[in-house]
């Protein structure tokens, strides 16, 4: 199977140039003008279009069992949405139940993911601690290509890590050359605020943001950063949503520490007025943690991306339908936390970032793909348009227009948080491992087209 | 007993003016020139001298049982040192053992303190939590004039508070109109670093600062500030020693939060080179927590005082002799933590602050006395030279000179961290409750001259 | 003439207490309960009311000749408005024309001010430079009680100071113990932007804020702060309106520099949407420099006051009627710059500050009166409720209500930027030099009741 | 002429990989293992060595006429030193005398530079303003490959730009797609401080840093940044030496502005104690502007590079011998300002940056070469190891050792500010345009080997 993408303009995280791109055996085999390719190579005309590294979404939760239900998008529907949005790789999360052996959970998730259309890899969450966990972390890094571990600082009485576990696990990461990552929210404060709100009879989705104010996030981020600093480990903060957290990350970076920050497409464009919606279902559909923030925070996130304080963009794609959300009808703390977005991330960022003049097209590539590849040490295998790189590519039509909507998205979820947003600039063709999986509005990839990719330890930080 | 202080210049936190001060029945009864006073009033000539509010040291530990021994200065020797240094009031700490009823501990400390020469009051530490603790906090505030509670964020496996306790206790403080205060160091990190250092065979006092780096302090301060912010409570951070903590406090203040910071005379003038002393006893004599910091931090603390980020100065006077320090001969974590200084605080601050031009004499009064009185809600009973205020006064000779030394100090401890410092500007006479307790180099006050003072709840914050 | 204010609660910048206040010969003669006063003393019942230091507005421009016209409020009408709003002293500006001798201008303004009902003093502007200016600065400080000089960094081709003049004049201030103050806007940038806007045909009031963006202000403030820092002089920045300027001031303060900042009642509560008003007269009525700012800046100013970054509040009262504003009908750069507010400042700050819970009543006194007195070295003559202080007092009814309006204000101007604001908390009686000048809604003071007050050099900074 | 570099490890700003590099006709023609190359290709064995993009020094002054003399290194000796240190391109400065036509000055410098061994390009300084300057800027950009203009904010009465010129010139840069750059020091303040010091009789080199304190630099940087911000132009600040300037740049970047900062090898490792040297010649040899700074600033610069606040490193190579420096024997303001370093920059940065663990080898490439190429829009022609890039390469032996010294350096100057520094990691071979110009300690390049390179307008910012 060989494909020649002709006539397009290649855009990488740092260069823009006219070239054809030839893919063979899942890899990029040649880049240039007037390439000499086999006669039977399939030709894709990319005239007037951009050829970019396929997106990498470093934060998704397909078919996650969570809060008494299971996220509605499995690895097939979820990655169908991904490739339709130009994303060719996801990094999902293995989340062992407390006391569950890590390897058992890991094998479970690997099985679930086999039907993926996009490539995938796994962060593994540390939700409890003993010697077996420590040992399994080594096995995962050394034998299974896992180079990052996730820690929840919220969700008290469930999967929250104490500082004691954070110290032990970050230290283990350091030994293994792996990256510790955190969901940064102070779980004690969230719990206290939740009880206080419920005690006052405030039980609807409007209570959700009140129970998780910005400083609850920045405090936890600062704590994780401090633990990492003290141990000499790098640290990656997932879904930064608050200006205070951007400040905390920048403060550490400016003192020479290696701190990385991720933000979500949703947090970049939505604000917390969504929780005031009079339709319970609409308000509940936006319940995710951390919550959407008041106006002002969005600007801080964009500035964080522009200034290099934040490196990556993700979605935390974790889709629940109205019926599932309704579990929290009388108690907002029981509304399954999560929103979708894996299909919309790249168009939304192009529209609000590139079309608005905030970021260049090269910076778009950096924050949707290359930076994630670099932080998680799979560059230039991924995140690059280079000879030898995986042929994970998106062909982007900067003139194509669309109105984002639940009516047309691929996710199984019954709500779209970007509903009605008009975007100019869309993927027209997506290649995963050199195979066209999305073209002209149709997902043509098959379950199993995606492959699990290893991420080696000891990245460049 | 009535006393007329004649011929001096009154200096308060905001005014400097020529006036005589007449004291009667323990109070300031008149201020002015040519006062009409009883013929038998004792006259103190203060020509060429300053009359200032007596110092308030809001952080001392007299005869504290700690780390297997007891601090060597009891309330008599400790307050003798205090008044000799111009300090007329201390706020000491009741520190209940975990599970010990608060009221029992409080009564114990009250008894110990009866022999004080200076006035005194108590912060009460929250070292554990249950309903009785919560109830006793109310009793202390409502019936015993306690308006502040202390929380240790360090000392794992001993008196460290978890976030859960911090949240519960700060919330209780808020209900009661009391001020939560914190010893801010992340106990998990300190413990981890201690073990790591011991494992590496680094067991001497030089390991002490390595086990408690600045960010371990600023992290905890930021966490306490965040908890207070979330609950809507004020917060007071004791012994701020690191520039990073000053930054954290300022960040919160600049967003409208009521945060108060204290720093110690020692941290303002000493740096961590003391831990490199080849004489184990000398190095160990400086072991206190937080430790003395590298050069640069001292400047940040002075700037913090000048800019109003920090409000108060204290000593954390907690004296241990060489013999006691030797308990940690083979293990720095067993060296009793603490240094003296209650006698030297005011002369050191005058020398390094006023004589250097960093602060004005009025600002000196603010940071040694008035601010503490205001934060702990006993102003203008204390911290003021006003008619009706307690006659707690210091007469200061700006020309008097002395070399600070263990050979001449009043504390029972066998070491002086300010050894050899030449100071110009000293107390020549100290009055407690209108009685002269120190004059011309002699402590003439008696055990029991000091009185316990109440601090009402609901201060101005 | 002696007056006893009975039954009220005295509120100062740091204390709140029940006391009667007795005034005699223009001074406060006694404070306390059950005062022994002459039988013929006038009694004012202040039951349920607060007795506070009269407001000091450190920034007004009565009958200022400016931009081809003259501000509509003269010293009589302007100070009538002042006392009706609780303000008992203003510090106005002598602004010599370039090349005009300072002393000549000073005498002119002194004459104009003789009809004031409130007390007054003058900052003198340095609008040009030669040896005579330098000499006259000395005369003003040494013989006329002037201790502050103003420098315009904007208004190119008119009264703008070059850096060369700033350096020379700040240096002269340092020699004299006077305070340099600045109107901080980069005049070159303002001029450039004005021309650019006019060139594009954007000529209405909506262009005004576009020609003076926030960084144009913070740049100039930072420059003035740097010059002061380099010379070792203090510095006072008038009408801080932008968050960036607050940041610049704080940055310097936090490094130990003595920097003071003033903000205006208008900037604290209004935003730049006013310039979008479709009624040209309304939009033009809001034209002042610096302009009202976008949302977010107001919060930064309040935080600046709360955190002590900014010390004083003023109005820049400089009133022009619609007819005058119309001079700029075809060219926004010709709209006379200025708004009124001297009557509304204190009620507005009480409403938005105290009633909202942002600041305490004591802090209200600090920022409306005491801090200005301290910075400009007339404390405790003014800004205090102390025996011996000037009897400049306001009796405040915290329950009194009013809707601010052009229909009821005392200024001659035909517009009120606070129109329609409902306030609770108003002056019911104002005393200037021990004489009641405002009571029960009536200004009963006479032209000439106000006196010029000296401000000695070498204040406490 | 074709060369195959065999056996080395290629290090770029983002990748490290084993590959041979084949150069032909001045370009990199192939990269990979087992390359098929002409039999007569010269082979360079790079086993155990690194192949990196040749250094780009974006700030040198060869044979500059300045302060009454001429810098001692001409373009031949200066670039001999450059290539011996691994630097293959310099960007020097055309500095027209006030009133001198830009094109005339430009032609003069072009002539002087013809004998260069390294490649070269020119920033052109704007030292005065009229319509001809504006026009010539256009000619330079459109016809001569100049894309950056330099502005001196210091050097009053000589080449200092007023704000008026800065606004006009930055605006012109914006029109042309060129980058404005600034030497940021407030010239008025420097002049004032110089006169003040001379007046006090402080005439030696120790006065130099006193006349140019850090805030004099950060003020000017902030001013230039503000002008650029207001106009919408990018801005590049040369030789950032002070932590305050790093703060100013970061502040702007964090708000979304495109600001770039350069720092010098000297400022990264030397502090201002050099000006205390008792040997006048030694102290004077270090006189450059901005001066070396007190301890603490070096750390801030390194942090700036690590955090991406600063992008480039340079030398400001401008060499004067002791005899020349002696012109200022009695007046420090007449000591020709300048130090050398073009040969030492890369070894010093490797030693203090890479060997110390501060930065990675990839980051070393970024800050010594690639970032400069990107900012000045010649990437990937320069700053890259890519097929098609100029064959400007350095072969680096990470094990090679040397002690830096005036005795062995190539510059004609008689002093080495890095004297005695031991470095591990040195260039062993340098190629310019595919020709070996330095090998095994010998400069074998010829005058004229270097070529002038164009830098196109409208870079990626």
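First chain written, first letter: the chains are A, B, C and D, and each begins at residue 1.
Following the convention adopted for this analysis, contacts are C-beta pairs under 8 Å (C-beta built on N, C-alpha and C of every residue); 3 or more make two chains touch, one makes a residue touch a chain.
Since this is a predicted model, take the numbers as computed values, not measurements.
Trainee: With residue numbers as the basis of comparison, which of the pairs B-C, C-D or A-D duplicates the interface of A-B in over half of its contact pairs?
Mentor: Same contacts by residue number as A-B, out of B-C, C-D or A-D: C-D.
Trainee: Roughly how far is chain B from chain C, centre to centre by C-alpha average, rounded to an integer in Å?
Mentor: Taking the mean C-alpha position of each chain, the two centres sit 40 Å apart.
Trainee: How big is the gap, in whole Å, between where the Cα atoms of chain B centre and where those of chain D centre?
Mentor: 52
Trainee: Using mean C-alpha positions as chain centres, tell me how far chain C is from chain D in Å, no decimals.
Mentor: Computed value for the inter-centroid distance: 50 Å.
Trainee: So which stretches of chain B touch two or more other chains?
Mentor: Residues of chain B touching two or more partner chains: there are none.
Trainee: How do the chains pair up in terms of touching? List each pair.
Mentor: All chain pairs meeting the touch criterion are A-B, A-D, B-C, C-D.
Trainee: Can you list the chain D residues touching chain A in their complex?
Mentor: 14-15, 250, 253-256, 302-304, 306-309, 358, 360, 362, 374, 379-380, 460
Trainee: Where on chain C does chain D make contact in their complex?
Mentor: Within the complex, chain C touches chain D at residues 162-164, 166-167, 171, 186, 188-189, 192-193, 213, 215-216, 218-219, 222-223, 226-227, 229-231, 247, 251.
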